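Since the structure comes first, as structure tokens, the remarks are kept for the end.
Chain naming follows the written order as A, B, C, D and E, and within any one chain the residues start at number 1.
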Amino acid sequence: QAAETVTMWTFLNPEKDSPRDRALRQIIENFEAANPEIDIAVESQVWSTLTEKFVVSHRSGTAPDIGWIVGEAMGLLINSDTAADLGPPIADKWDAAYRENLVLPQAYDWLTKDGKLHAMPIMAISLVLFYRKDLFAEAGIDVAKVKTWDAFADAAKKVQLEKDGRVERWGTGLHLSTEKTTMSPAANALMAQQGGRLFGEKCKAMLANEDGVRALQMQNGLITEAKVASPESFVYTLDDVIEQFTAGKVAITTAGNSRYGSIAQKAGWDAAGLGIMPWPSFDGTAPGPQLLSGWFAAVSKDSPRKEAAAKFVAYMTGPEAAELWTDPGGQVPIYKSVFAQAKFQAPAYDWMRELAGMWAAAEVWLPPDCNATRTFADLNTASQKVVLGEVSPMDALKAAEEATAARQ
Amino acid sequence: MLARPVRRLLDVGVSALIVTVALFPILWGFLSSFKPSAEIVSFPPRLFPSTITFEHYRAIYDTGILHYLLNSFLVSAGTIALCLACGTIGAYALARFSFRGKTLVTLVIIMVMSIPIPSLLIPTFTWISDLGLINTRLALVLVYTAYQLPFVIWILATYYQSLPEELEWSAAIDGYGKLATLWKIVLPLSWPGMVAATLFVITFAWNDFVVAVVLLSSEETRTLPIGIYNYLGFYGRDWGPLLAAAMVSIVPLLAIFLVLQRYFVAGMTGGSVKG
Amino acid sequence: MASVEASGEAIEFQGVSKRYGPAVALAGLDLAIAPGEFVSLLGPSGSGKTTTLNILSGLLRPDSGTVLIGGRDVTALPPERRGIAMVFQNYALYPHMTVAENLAFPLRAPGRRLPPERAAAKAAEVAAMLGIDALLARYPKEISGGQQQRVALGRAIVRDPSVFLLDEPLSNLDARLRLRMRRDLKALHQRLSSTIVYVTHDQGEAMSLSDRIAIYQSGELQQVASPHDIYRHPANLFVANFMGEREMNNVAGRIHDRQDGFFFEGGGLSLELGPRDSAWAALAGRAVTLGIRPEGVGVKPQGESWAVAASVHLVEPAGPDQILYAQAGPVEFCGRTKADDPVRPGESVDLHLLRSELYLFDAETGRTCAAAGEPLDGDLR
Amino acid sequence: MIPRAYRYLLPALLIEVAFVFAPLAIGIYYSFHRVRFFELGAFTWFQNYADVLSSSAFVNSLLVTTTFALTATVLTFVVGFALAIFLSREGAPQVAIRAVVLIPYVIAMLVGSMLLKWILSSDAGLLSLANAWLSLDLPTILGDPDYAMAALVANGVWRDSAFAMILLLAGLKSISPTLIAAARIDGAGTWLTFRAIVLPLLRPTIMITLVRLLLHFTNVLTFAFILTGGGPNDATETLTLRIYRVGFQDYDLGTANAMAVILAIVNIVAVSLLVYAFRRRGRG
Amino acid sequence: MASVEASGEAIEFQGVSKRYGPAVALAGLDLAIAPGEFVSLLGPSGSGKTTTLNILSGLLRPDSGTVLIGGRDVTALPPERRGIAMVFQNYALYPHMTVAENLAFPLRAPGRRLPPERAAAKAAEVAAMLGIDALLARYPKEISGGQQQRVALGRAIVRDPSVFLLDEPLSNLDARLRLRMRRDLKALHQRLSSTIVYVTHDQGEAMSLSDRIAIYQSGELQQVASPHDIYRHPANLFVANFMGEREMNNVAGRIHDRQDGFFFEGGGLSLELGPRDSAWAALAGRAVTLGIRPEGVGVKPQGESWAVAASVHLVEPAGPDQILYAQAGPVEFCGRTKADDPVRPGESVDLHLLRSELYLFDAETGRTCAAAGEPLDGDLR
């Protein structure tokens, strides 16, 4: 019997040699060994346009069977109704024990709309705060005590290094550019106050309120009052800030946990000093939300090989693959069972365990059916307006809210 | 007029300034492409690598940059060939014939150049898919040509108009038809215009990312800019290979320029007509 | 196709006109040229000669009228299909080709396409004939003006064409070379018997080369006739004045019918034209302009002539001859005498006006009414 | 029978129709619809246009684009022209410097802008080094709305001067040296020769250069996208960046295409005026 | 500065050379021109005339040598600072300017800078003089070749320059116009007394205009002298042959010292030159080339002449004269006689060689050793 070939678009390339590439290669090999009637053909894509292309090519009938979807663009996938329902072939078959094994149970609800499971999570990533353990130690700061934004600003001040009136190292990096945006501290603080929510009914953004003003002023204060972040933060993207952190120019930064490896590898300082801390909050009672995202697999609705495709997706997103994603892939496991394995008890995996703990405490997903991605940019614009344009925080937030509303 | 030595000095000074301004950012990138990864983004930045490493060049070689180069080369060559083939005859018509609708054609040229390319991407994708050309290099060639052709025609037509028409008359008398005249007389005399047009088209085709990323979807057809862009990865920017690839991508274009630059000569029509 | 296209073709212009805005470059040209004929176009600068050639070669579209070559209406035919060779007034050499390549270019044209060696050999041969064989490897901008002109000429010659248009092809050559070229052209014409239309400003050239000469003025053809006829029987005052190295001496007057015969009277002159019963009767009473060439004004009695008292005021040497200017009453006469005729400025002399050089033109129309001393029956042309 | 001019233009016209006008028609069609998430929705007449025109963000981007495009065009043209003249001789040094000037043009735009951002950034880049070495206190460039615009313009000039230079150089080469010689003989010095002979003969080339630069700068995305991200405070959010964001980040193709159509019309009008001004002032 | 720059300046070439690769365009030119002098350069095509002008105007750098204008070394001076006006052989009109603008351009130059109305008025005036006033609004490509040439001329004239270089400025004009222009140039020269260097192929022009004529051959200056001297006392065989409408009749031979006097013998001729005790002695035994102009060959005895039996084989009319070709033994003579001298092809005639037209040239060097029938003491020049 001729093998059925299932095409998959991903930003990885199993023919190459990064840890994740190797993981995918192994996963495919394992799968093909177990399912000789199915061949997996990978077409490697540029990650940033992958989802859009998947959706558009679906429209023109040239879509692959499986597409990887980046979390930020999940709204596009779901709203455009491109994907096949993965409930019946995968999730509906799960038993309670299986569900219990999930690190991020909310993810599946998040991916479900109108009873249809649009995609399956492959790897989960959240925005976390990286900090320099070594510098904190030097300054005598106990990271566990940095629970409030005030404490955060204090700590940042302490690890900031100035020489001749010039800043050699900023306390914290802020990525407040309106390009390539993700959750800023202000957004985190705002969401924390609103129970992890940024959107209300009918995708109405909840920005222009007292909480928003407070969050915004806290963030701007880091630049203008505490002066622990660069005034150029308004043009920095997340990548810029992470690089500054890696270079040692910044002591605390936001970053996707997925960056752990590359930061550790390229750091201009001892990589042992790399740590992750929970988000502060205003009252310090609970940590700020862990905004989750990551990569997901969707099967094209029009694929003639839905069944085979779903089979592979099930495997690729299942516990067995999760192990490979963790080793060699270096991803934080999305099945608890992975942590149970002996080889993942090593100290090198401590941070993953820690992070999984944070996720459990503060897992948050943005509503996928809202056009939410650029709301963070709107918030950044608001931040810029307040600092540079002398607009009142409330007005700035109102404008942001309107901008978001116009987008829905 | 200034004394000679002063002029010389001024020349050298201005030249140095030009070179510095133009080259400094590139030099920065060039030197960085030989630094170990950790050193590239280190702070404080350092101009020269502490140790010279070729790891980034090896890395891009391993990711198959040669294949990307080949694709880019094919696409660029195809684009320039098509642009010049259609451009020369089109420009000739525009420069030398008077016909109804000439203004309209001029307007079309301006119109095409006026359209912001991003707004065409989605329809182009759909349309190219319908044509069954998606993920082919041919599609890129056609689309690039479509974007650049108006400009090529405009440059060439302007250049043709600056040539003495008597030479074409003479060729006609000597028994050459319009196309033969274009080929034997007009083209050889419009080298500077052709060089300029070629350079612009190739630079566009060689560096385009936006269209390529939309129309191409396999490793097989991937062009160099996509290869470069890929180093702006999901897991962070890979400055080393990114810069290495960018440096490599400059080389062919510069080589082409240096070769074509020979044809940048003045007074090509000297001695041809009185008047 | 053989390399010799020759054996000329007939050419005919029928009511061909061309205007540039309000300016008329050519007004209703009617001109028929026989196969193998050598016709020169002569006329003041800007009178439409080049325009005529350009229309004939197809480079210009006439506003109206028809052009026939070999009996075929070619008005709408593009230049490359008319089988015409042409020397451009401004040369139009191909700047990116060497002299050799320029010369060989027409031979390599589609439809003629000689093999490269044959073409090169032919080009070299023509170059030798033109004395530019040492320059074959040069580019047009590396040779002198006269050399460029010869290349332009060579490029037309090399084809052995059946119709051959030359726009002042020798103007930038020295006298010596011009004479040789003239001879070569003549030989070429005889060998190929091609039809040649030749624009020149050199009357000597036109006279010695042409079967017929066409005289233009302001876009209008004035006369087409053999060199001799043009010189001896100009159609009108313009032609008469234009031909010859210098203008005629012109005197306005009237033909008087007196008892003792017919007289020209005007400008203080009274010249007896003929007896009462002569053919002059037809002209009696007409207002005319008298014209007489300097060659017809001497200081010695020669043949039949009228004597006019005058005082010399300028004598210019001109090679073997001399030119004298003398005032006779209100009229200044210009005459030509042998260099050794002893006349000096200030002297009073008797100017002798040769009857055989006498012309009369209708004062209004300019038409010739008497030529070479004899009245014309009807008006010429 | 098609007239010959059109036969010659046919291949070009076919390609344009197939790969520009066809997609353009679809784009225009979109602009009259609600298109969200690449899904063609209801026909909304001029709703998108009305929305766009009444949006202050759009007006801001239009202003930004105008400021940027005009400044960059003029400066690039001037620099390019100066370069073309300075490097017009065919000596080895001139050729070498031309090649050098060309490098910013031929390097991938994206990489060029990234390098500039790196250099200009006062935290990561050379600016901070310069500050340290020379004990200066240079202002933050990218963090200040005015300086950021200046940086954006600088990016454009830095990259595209070579383009103007090459085009003008080609134009200069088409001027017969004999005419220059004649002017010198007529007593015209360098300046008059330039003004009365070179400039007028270069007029068509100058027009092309200006038009192309103007259109390039109104339509370019990369500079703002990479160098400033449109910030700070939207001071550098060009129209193209806005179109990109609305179309590809907000997935609102209807509005994006409406903006694109407006931008194209503005472009066409501006260019037509420019061309007209050039035509009117000279013939021959 | 006033609009009249004039009052000519002296020009001097000192050992000026120019080569193009192996080709020598100008070889060690030494030439001094006095202020206000009118010097014509004459020579075959490609002999270095334009090169001389270009070096003088500063368009070309000589390979060696010095150029002085008004006593000042200008070899390194750029063209615009030499105060020279020039008519280019290829016109070099500014294609983007109307005729009026072309004409007015030199008046806009810094240092000359007339107010626009004055400049326009001046341009219009010059245009009127050149007969192109109706074309002021046209562009160069909209006028005829001769009109273009006149614009080129006008652009040089308009400046009233002190040094004035003209490269075949009248070659494309008709005879009538050329004559008028010649007169106007002469008047201009007298009015401004500017120094004029004039290249022409028309010997008549050179003869009638110039104070002195310089004859070139292959980049080498052959002779500089007044028109009369050039014609009557050519420095060598080349000059003698080059001047005059047609070449001299040349016969190779030797001067024999016989009992009955000195004789030229060669080509079957034996011409007695003088008695034994005459100045011819200095030339005795020399191998020489005899030269005699067609004007010196007639069919009637005139003055002192030698008779040579010959048979006529061709007679060509030439206006008032006729040219005859006759064979005398191995030598073909070309002669010029009045048109009414009755000679017919095939006839046997006695050719009369005029002693006053006899020239002898050293067979080796070509130097003139006898002119106008008389031996020269030393060698000329």
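By our rule, a residue touches a chain if its C-beta (ideal position, glycine included) is under 8 Å from a C-beta of that chain, and two chains touch if they have at least 3 such contacts.
Since the model is a prediction, treat every value here as computed from it, not as a measurement.
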{"item": "Required minimum of steps from chain C to chain D, each step between chains that touch", "value": "2"}
{"item": "Identifier of the chain whose CA centre is least distant from the whole-structure CA centre", "value": "B"}
{"item": "Maximum inter-chain contact count - chain pair", "value": "B-D"}
{"item": "Approximate Å spacing (C-alpha centroids) for the pair chain B, chain C", "value": "57"}
{"item": "Euclidean distance of C-alpha centroids - chain D vs chain E, Å", "value": "60"}
{"item": "Chain A-chain E separation of Cα centroids, rounded to whole Å", "value": "94"}
{"item": "Approximate Å spacing (C-alpha centroids) for the pair chain B, chain D", "value": "15"}
{"item": "Contacts with 2+ other chains: residues of chain C", "value": "89-90, 142-143"}
{"item": "Touching two or more other chains - residues of chain A", "value": "56, 59, 243-244, 247, 249"}
{"item": "For chain D, residues contacting two or more additional chains", "value": "38, 124, 132, 176, 178, 201, 248"}
{"item": "Touching pairs - complete list by chain label", "value": "A-B, A-D, B-C, B-D, B-E, C-E, D-E"}
{"item": "Complex interface listing, chain A residues touching chain D", "value": "52, 55-56, 59, 75-76, 79-80, 166, 170, 176-180, 230-237, 240, 243-244, 247, 249-250, 371, 373-374, 377, 380-381, 384-385, 387-389, 403, 406-407"}
{"item": "Chain B-facing residues of chain A, complex", "value": "9, 11, 13, 15-17, 43-49, 53, 56-57, 59-62, 70, 169, 239, 242-244, 246-249, 258-259, 261-263, 265-268"}
{"item": "Residue numbers on chain B that touch chain A, as the complex places them", "value": "37-39, 41-43, 62-63, 122, 125-126, 129-130, 134-135, 213-214, 217-219, 226, 229-230, 232-237"}
{"item": "Partner chain E, residues of chain C touching it in the complex", "value": "20, 42-46, 49-50, 89-90, 142-147, 149-150, 167-168, 171-179, 201-204, 207-208, 241-242, 244-247, 295, 316, 318-320, 336"}
{"item": "Contacting residues of chain E [partner chain B, same complex]", "value": "89-91, 93, 95, 140-141, 145, 148"}
